[in-house]
Each structure stands twice: as C-alpha cells, then as structure tokens.
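In what follows, chain A forms one complex with chain B and a second complex with chain C.
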Partner chain A sequence: MEMFLFTVFAAAACGGAIAVVLSQNVVRMAFYLVISLGSTAGLFFMLSADFVGATQLLIYVGGTVVLLIFGVMLTASGPFLTIKSSPGSMVLAIAVGACFLMMVVGTVLQVDWDGNAARLEGQYGASSLDRPGYNQHGEGHTTRSIGTALLGARFDKDLGKNREQPSTGYLLPFEIVSVHLLVVLIGAAYLARAKRRVHVPSEF
Partner chain B sequence: MEGVGVQGYLAVGAVLFVCGVICMATKRNGIGVLMGVELVLNGANVNFVAFSKFGPLGLDGQIASLFVIVLAAAEAAVALAIALNFYNNHLTIDVDRANELQG
Partner chain C sequence: MMPLLAAETISDYLTDEWGWTHVAALASAAMVHVALLGAFFGLPAFAGIWAERKVSGRIQDRLGPTRTGGRFGWLQSLADGIKLLQKEDLWPNAADSMLFRVAPYIVVIASFTAFLFLPFSDNWVAMSLDVGLFLALAILSLEVLGIILAGYSSGSKWSLFGGMREAAQMVSYEVPLGITAVIPVLIAGSMNLNEIGRMQSGWFWNWFIFRDPFTMLAFFVFFTVTLASNKRAPFDLAEAESELVGGFHTEYSGFRWSLFFLAEYASMYFVSALGVILFLGGWWTGIAPIDDFFRTNDSWVVNYLGNVLGFAVLLIKSSKLVFLQIWIRWTLPRLRIDQVMTTCLKYLVPISCFLFLGATAHSVMLPGKSFFFIDSGLGNRAAEAAVIAEPAQSESEVSVAHPKDADSRLALTANSTVSEEEH
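The block that comes next holds the complex of A and B.
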C-alpha cells in the first residue's frame, strides 16, 4: 500500500513538474504546477509530516499558486499567453538537465543511506520521532511539537532526557521570518501599485 | 522498515529540482520563471522532510521546510509585484526584453 501510494504521488509530482517544463501555455503551466505541488503534499503526508503537508496545501497550493495565477491573468493578454522558447535552447536545456539529473540521482543511489542512518543513530541516539512516549512516530501528531519548537522549547527532544542544555529552538528565525513577511508585504504593495506608463513601445 | 526508503524521496526531489532549473533557464515568460523557482524550492522541501523522517534530525527538517515554504510565498509576492511593475512599464512580460531595467 505504501509503495502504491508513493508511486502514485511521485509519478504525479514528477509528471507535473515535467509538464510545467514542456508546456508553452502559461495557464496550463499553472495548472500542472498545482498538480505537482499537491502531490508533493501527499508525499509529505506519507512521510508523517502532517503539519508540513497541510501548510503546503494551504500556503503553496492555496496561496502562492493563486498569486501566480492572478499574475498570469493580469499579464497574459493576447500574444503573451504563449511565448515560445526557441527549440534549440529547449533541446540544449533538456540535454544539460538530463545529464545533471543522472549525476544527482546516481550520486543519491550510490550512498549507503541505511548504513549511514544506523551509524548516526549509534552516535547521536535514535531519532526524536522514534522515541516512545511523547510523540510517537507514525501517529503523525507533529503540530504541537512544531509549535513549541517555533517558540523555542523542544519538548520532542528534551522531554524525559537529562541534558545540560536544552536543545536548539527556533524562536529567533521565527521572529526574523515574521518581520521579513511584514517588510515583504509592504514592499510588494509599494512595487505593484498602479503607476503611469512611462514608456510605451511603438512596435505593439 | 519495509517499503520506500529515503532514496525514492531523494530521487523525486532531484527530478523536481532539475525540472525547476530547466524551467528557470528556458522560459521566456516571467511568470514561468517564477514557477521554476517554486519547483526548485519544492524539491528542496521534499529532501528536508525525507531526511526529517529517515535521519536523526527529528522535527528540525520539518521546521526548515516550513521556513522554506514561508520564504517562497514572500519571494513569489515580491517577484510578482516586480513582474507587474515591469508589465505596466514595458507592456510585455518577456524576460528577454528586460535588459533595460532602470528606475
């Protein structure tokens, strides 16, 4: 069952990504992007990352892609709906991309991941998701642990362990991202506001 | 554990990454380039979450992927605002014609 679901989601994610590359119509590209990102959310659920999967669906598929589709609608007038790349650059890019993909996948498949995981587990202890007790692996209740980790407390790592120092939390990155989002919203609103057209090219 | 190992997820992430890079390199539509960026960040996210499950990372990988998602949303907002501004000024979205972006 897991193998079947993984095959379905992985095929949809990779197929959507390849369709985004091969499609020349920007509206269809947006649709294939939705398929790819949604299947990736399915992969996240299979990796027992329920909160990340839900965030992927809400923010990526529900927010970012809708933003992109609005951009498409605002800019895709007439001739800009399909701007074709030249076939030569397409062939070149696909050749380079295939070589790069073979290199990356070959490298990934050469590494002995299970042996490495066993060695790391011997060195650092089992993954905090695998400890019995607070947050059992496979139940998929990661929301509370992620919330407390973003506030700086790592219950998923520290609970029931006698440590000199508590594990690293993520309060400072959380605050930085918050301020960053505020700045980005102000900047986007400033940049996107309607202005007079300075330069109208004559060839259209 | 019987089933899919970390290799399968890493291969999916590699495919997403390479597709995004090709998309960024070949698309002439500015919005298409943005979609390529989204694909690249998504491939990185798959790797983060896969290592979060199969490695000793625990929740750290998932939190990193959350930050990536949020930053991708912010990047899309700003890049889209720039694209709209460019479209308003030049009446095109073709990035090949964006060689005279000043002021």
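The block that comes next holds the complex of A and C.
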C-alpha cells in the first residue's frame, strides 16, 4: 500500500516537473508545477511530516497561484501565450540540470540505507516502524516537537541528560528572518509608490 | 465494550476480527471514510441549495420552490441535480480544453479534502492532526486555483475578469483570515481542531467568542472574511451576474458547472463549521450539566449518544451560520473590486492585527479570565494540556505524553532521526 502510494506521488511529482519543462504555455506550466509540488507534499505526508507537508501546500501551491497571476498579467499579450527558449539557453539548462541530477543521485547512492535501518532497529527494536506513539504508520505529530524546538526545548536531546546548558532555540534566527522579510516587503512597497509620486504631479 | 470500539481504527478491526489482509483492510477503511465524508460533503450542498432558493424567495416576498417532493419543495436540489446531469457538456473553441476540463475537479477536490480535518463531534474526525487548522486553510486556498484556472482557460473575457477578480480578492482576504484564525489557536495552544473544540467545554461563557472583547470582535472579522473566501455576496465579484454574465463559470454547463456549486455550498458549510469550532464552542451545547452527563458516564452507549448530540449541535450551529450567509447575500448589494480590496487590506488587516495583539495581551494579563471575569478554567485546562515529558529508558527515546488523554495515540515519542548526531 505504501509502495503503491509512493509510486503514485513520486510519478506525479516527476511527471509534473517534466511537464513544466516541456510545456510552452504559461498557465499550463503553473498547473503542472502545482501538480508536482502537491505530490511532493503528499510524499511529506507519507513520511509523517505533516507540518512540512502543510507548509509545502500553503506556501508553494499558494505561491504558484500568485505566480500564475503575475505570469498572466505581466507577460501575456495574446490569449494563450507560448514561451519558446533559445537553443543556447536550452543547452545551458540541460547542462546545469544534469550536473544537479548527478549530485543528487550520487548523494542518494552514498547513503548506507541498510546500515541505517539496522541502526534504527538496534535503537528502537525490530518493530520500530510500529512502535506506539510516534511511528511511521501513526499520525504525524511533528508540530509539537517543532514548536518546542523553536522555543529551545529539545526533548530528543535535553531530557534525561541533566545538562547544565540546555539546547538553544531557533526563535531569534526565525524572528530575524521574518523581520528581514518585512523590511523587504515595506521597501518594495515604498519603491513602487515612490515612482508614482514623482510622475503624477509632473504630468498634471 | 462494543467490539468495533475495541479496535483503534476500522482497518485494525478488519484485520484482527475478520482476518483480512492489511492492504484490503486499509483500502476498505479508506472507502468507508470517504463514503461517510462524501455524505457530509454532499448533504450541506443539498440542503444549502434548497435553503438558498427558499430564503431568497422569502426575502424577495416570493414563496420559492413549493411543489417538488411534496411540501416546501425540499427535493428541489435533487431535481436541479438531475437537470444539470442531463445537459450537454460543452466547451468553447477558444478554450484551453485540458485546463478547462480539469478546473472544476480541482475546486471540488480541494473543498472535499478540507472536510478530512473537520471534527464533527468529539473525536469524530477523519484525520486528527496537530496541523489540522493550518492544513485545512492551506487546502481551502487551493480552491481558488481551480477558479482562476477556470476563468483563464475558458477563453472568454467575462471568465478572465472573474478569475482575475477572484485572484485579487484572494490576495486581500487571506491575510485577515489567517490572522483571525490564529487567535483561537493562540488561546487553545494547539492547531488541532479537536483540541480547540474540546477546550471550550462547559458553560457557554467558555466559548472563545465570549472569552474577551478581542475574540468576540475576531469572530465577526473571521465571518466577514469567510464570506469573501466563499465568493458570497457582498464579495461575489468573481461571479457578479449583473456585470460578468456568470464570471468564471460563464462558459461551463451541465455536470462541470454543478461541481462548482457543489464545492461552493460545501465550503460554505465548511467555513461555518470552522467558525463554530474556533469561536462558538464547537460540538458543546454550552450547558455544562448536559455535556458532563454524557461525557463522564461510564457506559459507551451514553458516550456515543453524547457524540451524536454533539454532532447535531455542530450541525445546527453551522447551519445557522450558513443561513446568515444566505441572508447577507440577499440583503446587501455587491461591493466593487476596489472596495473589496480596501475593506480587506486597509481595514480588516489592521483590525485583525490589533485584535491579535489584544488577545495576546489579554491572555498574558488575565490568564484564565473571561470577558465577564468568571474563572473559566481555561488557564487550568491549558496547564493540564501542557506537555509533560518523562525521562525514558533509552537516552534518546523520550515519550511526551498529553495528560488529558495520556493513554491515547496522542502520546508521542520524540523523533529519532534528529538524535542521530549523538551516536
């Protein structure tokens, strides 16, 4: 069952990604992108990573909608615009893509999967996949762990250890990044407004 | 104990009691879930379309449907459905036919999937997830994608206008929707819709809407924003019959057209139920003795009846909100698109930010106190629900128990892969 679902999602993710490259219509590209990203979210759910899956759906798929709008509004002059890329950029893209594929495949092949599975079994017993509480078949409850880790409480590291110094949280970096994004947003809005302010009085 | 309840899930029951194989049991369990949810997905649409006709008729001093099904025209939705199924499925020459055909399915699948995370009564939920609310909102926003695709791929100016208006509207309403939905999460300390609902048990002043003035206002902001998210009047610019013929669904007919409406009425019900769970006490009657009688009884029959009662209560509460949506649609005139953007971005975003800050400050200053300065016990329950960790046998295996239902599957063990580096 798991293998079947994995095959479906993985095939949809890869097929969608290839279709994005091969399609020449902006809106169809965005649609295939949604399929690809949505299937990736499905893969995350299969790994019990519910928070990451939900984030993938909200941010990437929602982001694609915005991309679609701007893609249509800013580029399209005819009803169904097609995009053709030049042969040079095609060759360049293929070279970069092939390099990246080689890197990913190399990394995947280097991982000692059997050894890792054996180590997990040694840690949690043979039935580590079906143990009560957090397990692969159960519901993903990663949110609580992520939330507490953000605040600096790492249950997987700190407890039962009597450490003098607990782990540090990620709240400060997170806040810095979010404030940074806010600054960028306000800056962009300011720049976009400033132009209009200069031009409008001079014309009228 | 009832034999079915001895198993945690339907698939466990089928494998243990009937000796089915794992895959067959899982597949049948999935089918049972989908059939049940499909009923709860279709019924609100069935009732909603009838109510829309009836209420609009009464508001306009007409009778509405009267004859179909004997009295009150209660079978009108079925007649509509049969009529729509018989219509020819056509698409314009100018349409991007692949996207044109796919778009209604995206809308209906997104709307249906959101029901997976909706608790219909205490623990009556298809998927009880810690990210329930977050995921439900994420999936609801997929519905908009289908509408934009429908508008774009129709190859018609009316449809394109409708789709683009919907896109602009989405960008403006999603922000206040997210912020107001976070307020109950902040109070409950969980994004699990079942836990948010369970926190509001007891007397009705435990409902989050009565907790403090900020949450009370937040409910109304939330309701306004969900009107926009459902494309209901006064925010129905994507359809706008008087300007855009039918907006994004101008070119659709027959079955595909009816899918849009199925999805619209189902998500009307969905957001109403979401509002009820977040603010209006979910499946609790609001009268503590009744709920306590059903909840604390040892007999599973009484517990089960309590859940049925909760289901009925949730249905009634959300139906009232759906009625309110219909009422507003037939009372208020449509806004212009710039007025929608102004309402959502210029007014509702600052208001919801202020309410969020206010609710936070209120929680910090007066923990456990409601608006009426009655100890609602929220603080105690929140403390009870706080994570208590026990040192485990193995150094990296730690079980984090949820004391309220420590025996249930909410107990979780910290993720093993993170601690790899220690070895």
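Methods note: the second predicted complex is superposed on the first by the 122 of 204 C-alpha atoms of A that agree within 3 Å, B and C clash if a C-alpha of one lies under 4 Å from a C-alpha of the other, contacts with A are read in each partner's own complex, and residues count from 1 in each chain.
Quick note on the criterion: contacts are C-beta pairs under 8 Å (C-beta built on N, C-alpha and C of every residue); 3 or more make two chains touch, one makes a residue touch a chain.
Small disclaimer: the values here were computed from a predicted structure and weren't measured.
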Which superposed partner A:Phe51 touches (first chain B, second chain C, both, neither): both
Touching partner for A:Phe31 - first (chain B), second (chain C), both, neither: second
If touched residues of chain A are counted for chain B and for chain C, the larger one: B
Contacts of A:Ser145 with chain B and chain C, given as first, second, both or neither: both
First (chain B), second (chain C), both or neither touched by A:Val61: second
Intersection of the chain A residues that touch chain B with those that touch chain C: 51, 55, 64-65, 68, 72, 80, 120, 124, 128, 142, 145, 154, 156-157
Complex interface listing, chain B residues touching chain A: 3-12, 14-23, 25-32, 34-36, 38-39, 42, 45-46, 49-50, 52-59, 62-63, 65-67, 69-74, 76-78, 80-85, 87-94
In the complex with chain B, residue positions of chain A that touch it: 2-3, 6, 10, 13-14, 17-18, 20-21, 26, 29-30, 33, 36-37, 40, 43-44, 46-49, 51-52, 55-56, 59-60, 63-65, 67-68, 70-72, 74-76, 80, 83-85, 89-90, 93-94, 96-97, 100-101, 104-105, 108-109, 113-114, 117, 120-121, 124-129, 142, 145-146, 149-150, 154, 156-157, 170, 173, 177, 180-181, 184-185, 187-192, 194-195, 197-201, 204
Partner chain C, residues of chain A touching it in the complex: 1, 25, 27-28, 31, 34, 38, 50-51, 53-55, 57-58, 61-62, 64-66, 68-69, 72-73, 79-80, 119-120, 123-124, 128, 131-135, 138-145, 148, 154-157, 159-161
Touch list for chain C against partner chain A, complex: 22-23, 26-27, 94, 96, 98-99, 102, 127-131, 134-135, 137-139, 141-142, 144-145, 148-149, 152-153, 155, 164, 167-168, 170-171, 174, 191, 387, 389, 391-392, 394-400, 409-416, 418-419, 422-423
